[in-house]
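Worksheet for the structure shown next.
Which chain is which? They are A, B and C, in the order written, and residues in each are numbered from 1.
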Amino acid sequence: MSQTAATTTVPKLTKAPTGLALFFYRIGKSFQTPTPYLTIFGVALWLFTWWLLCEGLKVDRFDKIPGPVAVSKDLFSFTPFQGISIFTEEFYNHIMVSCRRIAIAFAIATGVGVPLGLFMGWSRRIRDYAFPILETLRPIPILAWVPLSILMFPGFEAPVIFLATLASLFVTALNTMLGVDSIDEEYFRAAGCLGSSNWDIFKNVVVPGALPFVFTGLQISIGVAWFSLVAAEMVSGDHGLGYLIVDSYMNNVTVPMVIGMITLGFIGWFTSILVRMLGNWLMQWHVKALALQGR
Amino acid sequence: MTDIAQPSTHAAAPVTPRRRSALQKLVQNQSLWRGILAIIVFLILWEIGARWDEWFGREWMIPGVGLIPPPTDVAAAWVEVLPKPGYWESWYSSFKRVLSGFLMAMLLGIPFGLMLAVNKYFRDVFFPPFEILRPIPPLAWVPASLIFWPTNEMSIAFITFLGAFFTIVINVLGGARNIDVRYLRAAQSMGASQWDLFSKIILPGTLPSIFTGAAVGMGITWEVVLAAEMISGGGTQGGGGLGFFIWNSYMGGSLEQIVVGMISVGIAGYLCSTAIRMIGDWYMPWKRLH
Amino acid sequence: MTAQKNRGALSIRNVTKIYDPEGVNVMAVDNCSMEIAAGEVCMIVGPSGCGKTTLLNAIAGFHSITHGEILLDGEMLCGPGKPKADMGAERMVVFQHGALFPWKTLAENVAYGPIVQGVLPKKQALEKAREMLAEAGIGNVLDKYPGEVSSGMSRRAEIVRALINDPKVLLLDEPYRAMDALTKSIMHESLLETYDRTKVTIFFITHDLEEAIFLGDKVHVVTTRPCQLKKTVEVNIPRPRSYETQSSEEFRILMEEVNEAVHEEAIKAFQAGERELA
């Protein structure tokens, strides 16, 4: 034993790392490749270019856009020059308003869209009746609904939520329907021979079988919801991140505008991760099978 | 039990192979008729909902729906607007914006996506900043680009480009990375050069994803053009576009025309995505089977 | 489990099935008749895509038939006036690609039948499922998802899932198609062992001739599309059989006999080049 250990390094992997240990193991491994260094380099290069164009060389037209230094100075300052920083209450106010709208819209769209999609996928008859209506309404861009929704709904809040809901609803319903379509016919047959009632099949085959597609759909749907929320807030809003961006533009303060953009990007990304994590948690079987395929 | 025949006599089978005519198929297409029925019922309900207050008085108006003009009024408004050149100019300018932004996004997005896919170092450096910028909704760029670009038209073009660009790049990257490695190995074992691999395997292998990305990107492009036209009020400089048509009708309080504008945009978007699908079908004959 | 000598006799009489996709008719099964005795292992051999699966689907109640009738223990499953059989737990299917629900663990999969039929409460059903899985030699992976275990394991679990319902007849549609020869031979032995224990009627579709002779009491060779009965070969090798059987002289003679009948059809099917029916 000692001889072999002296000549060759025998890997001492007694137990496969799990959980947090696995996370650190992977990070440690990845630092042995050039990837993380190149990533840091890439981000640094991008920030540097941004700085150089807007602040360093003050290239014509670029100088109107605040650079990274100006933005981060304001963002982390107790007394921000142009009014918005992570220490001002207003910043969180805008975030809260936008997030609340998204939460309501997403909840309604999911609550209606998933069952609708499931039923459309499951029953030929329901699909024949519901799908054509959905398909005729779908090509109309969500933003074309803006004026109509302002007229239809009172106040600032309802039109914005309506637009975000509408956008998500189409995506969720269609993806859920595709999810049911994607279920192998053999699962239905197997369930049938095992003596399932229609309700058993719906509960045990249709719902879990469509779940992977449903969550792909939900991830897209939350992205679309943010997309139309921003547009709606810009046109008709009162508070919210979209409103912050357009309001800063109107008032000629550019830094809060950029802060608004960055925040939107970050929160949009974060919510989509949240949806994915929820999906993974609900679909252990799917995650485990994929992991074994090395994906 | 009555008609037990000797095995392997065809006489026992009452139905022989036959072919149905196109007309027969159309008549027997239950899904189609159900769909038409559903849309008719939808239109009738809309008409009733919208006219409710007319028939039963203001106090009976259905909230929200009651304000929407009934389909018959919309149709009348449409007929009125059809011969006006302004309406068709809106079509033209929106189409011009959509196509220019979309083509720019394709032109830059496809090579960029392919570069990300084939070169690991390129991906390591450029993908992270791309991923940082991607979640920012395209419309959040509107004010910034209005500040940056000297003309309205240029800022609209830029946002349109941005909207489609991210989607196309992501789809191209995903498609190119998902190509079955067996194809590459097969080609290599037959002596393909690096360029052959790229042009004969990776490029055609990515085509389906390119078309998927293009279809999605086209949808986003229309959304963005519409929003940009509404927000920046394209009517002040140059052609207004369909977004401005809708916004103008809104400002003018013509509800029928708003709906006409919405339906027009719907048709325009549908035409564009159908065109992409048709080009895709024509370009990828091997996909038609499925 | 009780030996079930007198149940599971299957009669297929003059069955014809015509598909109608896109307005063009395709005849999948043409006037096919066969009798399968109770407790018999009946192997159906024929070229790919010839309509064997259509026949199985008709018995299971997945498809309607155009003409003819199918009876189980003298009771009509489908026939004139009733083109499609009801699905039922007395006819259990084991599928070509495996149809264990990927979102349920093996034990949950096996317990599913008794639970939805209301035969056993959930807890007892799971207990019985665990017992039966252990009996089949896969007690160590009870709580894994099908995606996590080997194809051999999951196929065996699928057979257990069928047997827990105490079916009259087991319908197997090329269940070992995608397996390597070594795994396959283990699966064969396990199936034979199961059969010797339960004596359930087995309707087994394959195009592996060795498999057909090794497992079966009778081998029915069917023609290429449309599917008709071409020849029936009786396999008189005594049970219990083991892998050594496959090297015996009588096995070789039977192989030749079946091969001759099948080969001709295989060439016809190949030349027709038709895409397989689902």
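In this section, a contact is a pair of C-beta atoms (placed from the backbone, for glycine too) under 8 Å apart; a residue touches a chain by one contact, two chains touch by 3 or more.
Just so we're clear, the structure is a prediction, and the values are computed from it rather than from any experiment.
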Most heavily contacting chain pair (counted by C-beta pairs in contact): A-B
Chain separated most widely from subunit A, comparing mean CA positions: C
Mean-CA-position distance for subunit C and subunit B (Å): 46
Computed distance of Cα centres, subunit B from subunit A, in Å: 21
Footprint of subunit A on subunit C - complex, ascending: 60-62, 87-89, 91-93, 95-97, 99-104, 112-113, 116-117, 145-148, 161, 165, 278
Of subunit A, residues touching subunit C in the complex: 184-187, 189-197, 200, 204-205, 208-209, 211, 283-286, 288-290, 292
In the complex, subunit B residues that touch subunit A: 30-31, 34-39, 42, 64-65, 67-68, 121, 124-129, 132-144, 146-150, 219-220, 222-223, 226-227, 230-231, 243, 246-247, 249-250, 255, 258-259, 261-263, 265-267, 269-270, 273
In the complex, subunit A residues that touch subunit B: 34-35, 38-39, 41-43, 45-46, 61-62, 64-65, 124-125, 127-133, 136-137, 139-148, 150-153, 223, 226-228, 230-231, 234-235, 241-242, 245-246, 248-249, 254, 257-258, 260-262, 264-266, 268-269, 272
